[in-house]
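What follows is a pair of complexes built around subunit A, which joins subunit B in one and subunit C in the other.
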Partner chain A sequence: MLDLLPQWMRDGIGDDVAFWIGYFTNGKHLAWYASVQFTLFAGLFGACVALALGLLAAAARNGGPWPVRFVAAGYINIVRGVPDVLFFLFFPLAFEQAVEWLWATQVCTPESIAANPNPWPPCIEANWRLSTVEYLIMASVSLGIVYGAFTANVISGALLAVPRGQLEAARAFGMSRMQVLWRVHVRQMWIYALPGLSNVWMLLVKATALLSLLQILDFVTLAQRLGAANYSAIAGLVHEDWRWRYYLVLLIFYILVTFVSEKAFAALNRRVRRGMPILDGNAA
Partner chain B sequence: MKKLILAAATLLAFTGVAEAQVRLGSEGAYPPYNYIDESGNLGGFDIDVGNEICERAGLECEWVVNDWDTIIPNLLAGNYDAIIAGMSITEERQQTIDFSQDYFPSDPSTYVALSGHSIDFDTLSGLRIGAQGATIQAAYLEQNLAADNTILTYTTPDQAIADLQAGNIDLILADKSYLAETVAGSGGALTLAGPDVEIGGGVGIGMRKTDAELRGHFDTALTAMKEDGTLDELIALYFPEREGGPFYTAE
Partner chain C sequence: MSFIAVILNEIQLLARPALLNIYFAAAAIPVGFVLAIFLALGKASHNRLITALSRGYIYFFRGSPFFIQLFAFYSFVLTLNMSVWRPLGIDWLILHPLFLGPAILTLNTTAYTAEILYGALATVPRGEVEAARAFGMTQAQRFRSIVWPHVIRIAWPAYTNEVVFLFHATALIYFTLPVIGGQQDLMNKAGELFERDYNVFLHYSVAALYFLAISLVIFYAFGLVYRHLMRHMPQAAPAKFSMRRFMT
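Our next item is the complex of A and B:
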């Protein structure tokens, strides 16, 4: 990287500065910076899944026929009680094996099953090799399922908080049920839901640090590996145990994400309040 | 249900394209065997050996990084086809997986301590001893020294070293080839201590028991690499502290 600079500039900076520029532009570090994409993808995609599931489950719990209500309430209450780490370990593995089991019913012959000494998959043809991208998608979906339950709880509360007078007025104007739901109920629900949703989002962002559990070389794992003492010159960047320095960078990274998120939610909040009456708690 | 099966079928068809490839699993945290190199990719002795084998056998190989503690389960689950991660050939492991012939000679284990700490190796009691989890050293410690000492296991070897330097443990038991390079680079902070402990055989490539054909490819290539001296050259390059070579070339 230093070679790109003109000679006078290279002479101008001291050896110390040159060393640190070289240190931080080392390929190991470049790979570390690049791994932020996994964290961001898991956070954003996970949030989309969580929001979709949350809306569905909340609508189902507040409105559907009783079996639908029952399933939605079960999802919201059970998944909220399961540690996210557990779900993170459970869901991708269970999903992978379920797909392999389904696939095995199609492609495995009795001979191929007999020829396979391994307990799983049933036959070699039914094996599904997971790539990093597939792991990443499954990790995001796991996050979405866990935090979808929290989202559903927030949204279902917010749906109930919309003043009934607004809905009755909309009906009185002759809107259909669906029109009332989408144009008035959900539209006004965001005002009540956003503070809770920003909480859920922050929890979800923090949970992205679990990606390493699924063999993804993410920001956190690589920081741990880079910070660990290395005395083997051939492996590059020889230094003693510097983990706390790298963990400090992670800390600052997550604080920055929090900061940006707060700004974004403040902007969203202003947007959903446009054209709405000022809510002072007596509106209901 | 039909749709689900269809979806699964497309998914599998998608991944099935790469079927001709061989995927090699390694840890990336055990220098000089394997580590993440300056360009952010896997590098090290294991990786050079693996790539040389693939070239000689005409296989298209791809590397997968996997943590040590799940490296055998994920081989069996089919996430990759072979483990090249400085893994010693042991009877216990041979019950679940197959090994190629060894590509690194039988390596004694030894202890490492902080310089200036004297430890009584005749009694070896009341100490806190660390090792990487799921290794032959961890198994040895549990069997032989757990009664009088506290045994701690770590996910990666460098975590054990860090804990030793933080003063949380007194000793680490690990492969001598790994420790020798680490101690040599530690600038005198660490020192090899105590007697060598003979556990495990040579280092081999782990494969599923079903992959006899792959094992044949690997063994053929390894035999050739031993005969023409390539393997000894790689050992000399990555393990300058290791004495007693050449190991495989007939003199």
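Our next item is the complex of A and C:
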């Protein structure tokens, strides 16, 4: 990185500054900066899954036939009653095992099952080794499932907050039930849902810190590696335990994300409320 | 072993680890609650410096993940080990997860609870406080008999949710802190059992059941307290599990 600077700038900065610029732009640090992409991807993709699931579950809970309603309510309440980290670990493992089990019914022979000393998978051929990308998608989906339950709770409250007269008017115009739901109900619901959705987004962003638990080389893992006391045979002790400084950088990163999200949601909230006479409809 | 017997055995295996989660929450909640009262008053104070400091503290802890707070504070405490804790002879206490876990949890819950209480403080009717002042009550008297009863009634449902979230956050502690002498919590024990036989459905489901059951107990107990707080009201709505954690 230092080579990119023109000569006069390299002369202008002292040796100390040049050293630190070199340190913070070495390969390991660049890899650390690049690993933000995993976190951002998990956050954004997870939010999309959460929103889709939330809409689905909220609509199902508020107006489906009773078995659908029962399943939706069960999903919403059980997932919210369990720590996010538990479900975050459980879902990918369970999904992987389910796929392996299905696969095993096809490829395993009695001999290969007998030859396999491990408790799982049933035979070696049925083993599914996940790549980083697959783990990342799995992690995002499980974030989406967890926070989909929270989203559903917010949205189902917001759906109830839409004035009934609006829906009755739409019905009187001859719209079908699905048309009322999609053209009138869902579109008016956002105003009431937005404050709650912003809270769920903040929770989801903070849960992206858990990616390292699924063996994804995210910036938490890399911060740990970079910060750990660094000895080498040639250079001796390069630096002692600096982990807390690296974690502090991560904390500041998350605080910045929170700050930007707050501003963005406030702007969005102002925008969707243009021309709306309601004062503050918090649906949460 | 029959299906029921397997489940019962699992429930038995995870009973002691569940106690550890309960310990973490129970140790952090009272301390965090008392500190939060001061922090909320600090955020509402007229002193600019105190307001800014309280605001900054609350924003820092609410804006960042507890998981990384754990990492950061644990590694920070570790770097001070040789220079501070060891010479003082308190390293065995400070570095013990049964102390450090609740300590970091307290730092976190103080911020969330303070934000809830601060939101409730803003709803105290000015007229009531002014009337109390006109009666010649001192500031301490006003707080105790006018402000606080109002604040706690408004804040209680949100605080209930915060306590449940705090209890859920205890699941993260042993991903960071070392396990000493077989003191495992639910997540740790479930993970260990999983690595033995790869039965993800049994171990994690029973751990989830524990969390669910204890959450329900918290809701029930806090709901009783809420009923008591609102006993003067004719039909108080029961506390519901809702996303109030960020909404004050």
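Keep in mind that, in the parts below, the second predicted complex is superposed on the first by the 265 of 284 C-alpha atoms of A that agree within 3 Å, B and C clash if a C-alpha of one lies under 4 Å from a C-alpha of the other, contacts with A are read in each partner's own complex, and residues count from 1 in each chain.
To be clear about the criterion, a contact is a pair of C-beta atoms (placed from the backbone, for glycine too) under 8 Å apart; a residue touches a chain by one contact, two chains touch by 3 or more.
Small disclaimer: the values here were computed from a predicted structure and weren't measured.
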Checklist entry - Between subunit B (first) and subunit C (second), which, if any, makes contact with A:258: first, second, both or neither? => result second
Checklist entry - Is A:233 contacted by the first partner subunit B, the second partner subunit C, both or neither? => result first
Next on the checklist: Quick one: is A:241 in contact with subunit B, with subunit C, with both, or with neither? Answer first, second, both or neither.
Outcome noted: both
Item to check | Touching partner for A:215 - first (subunit B), second (subunit C), both, neither | outcome: first
Next on the checklist: With both complexes superposed on chain A, which partner does A:8 reach: first (subunit B), second (subunit C), both or neither?
Outcome noted: neither
Checklist entry - When the two structures are overlaid on chain A, which partner does A:66 contact: first (subunit B), second (subunit C), both, or neither? => result neither
Checklist entry - Which partner does A:154 reach: the first (subunit B), the second (subunit C), both, or neither? => result second
Checklist entry - Same subunit A residues contacting subunit B and subunit C, which ones? => result 120, 240-241, 243
Checklist outcome for this item: As the complex stands, subunit A meets subunit C at residues 77-78, 80-87, 89-90, 93-94, 97, 119-120, 150, 153-154, 157, 195-196, 198-200, 202-203, 206-210, 213, 220, 224, 227, 240-241, 243-244, 247-248, 250-251, 254-255, 258-259, 282, 284
Checklist outcome for this item: Listed in rising order, subunit B residues that touch subunit A in their complex are 4-5, 8-9, 11-12, 15, 18, 23, 28-29, 31-32, 35-41, 43-44, 64-67, 70, 74, 76-80, 156, 158-159, 161-162, 165-166, 181-187, 189-190, 208-210, 238
Item to check | Complex interface listing, subunit C residues touching subunit A | outcome: 59-60, 62-69, 71-73, 75-76, 78-79, 168-169, 171-172, 175, 187, 190-191, 194, 196-198, 200-201, 204-205, 207-208, 211-212, 215-216, 241-247
Item to check | Residues of subunit A defined as touching subunit B within the complex | outcome: 26-28, 30-32, 34, 99, 102-103, 106, 115-118, 120-121, 124, 127-131, 134, 215, 217, 222, 225, 228-238, 240-241, 243
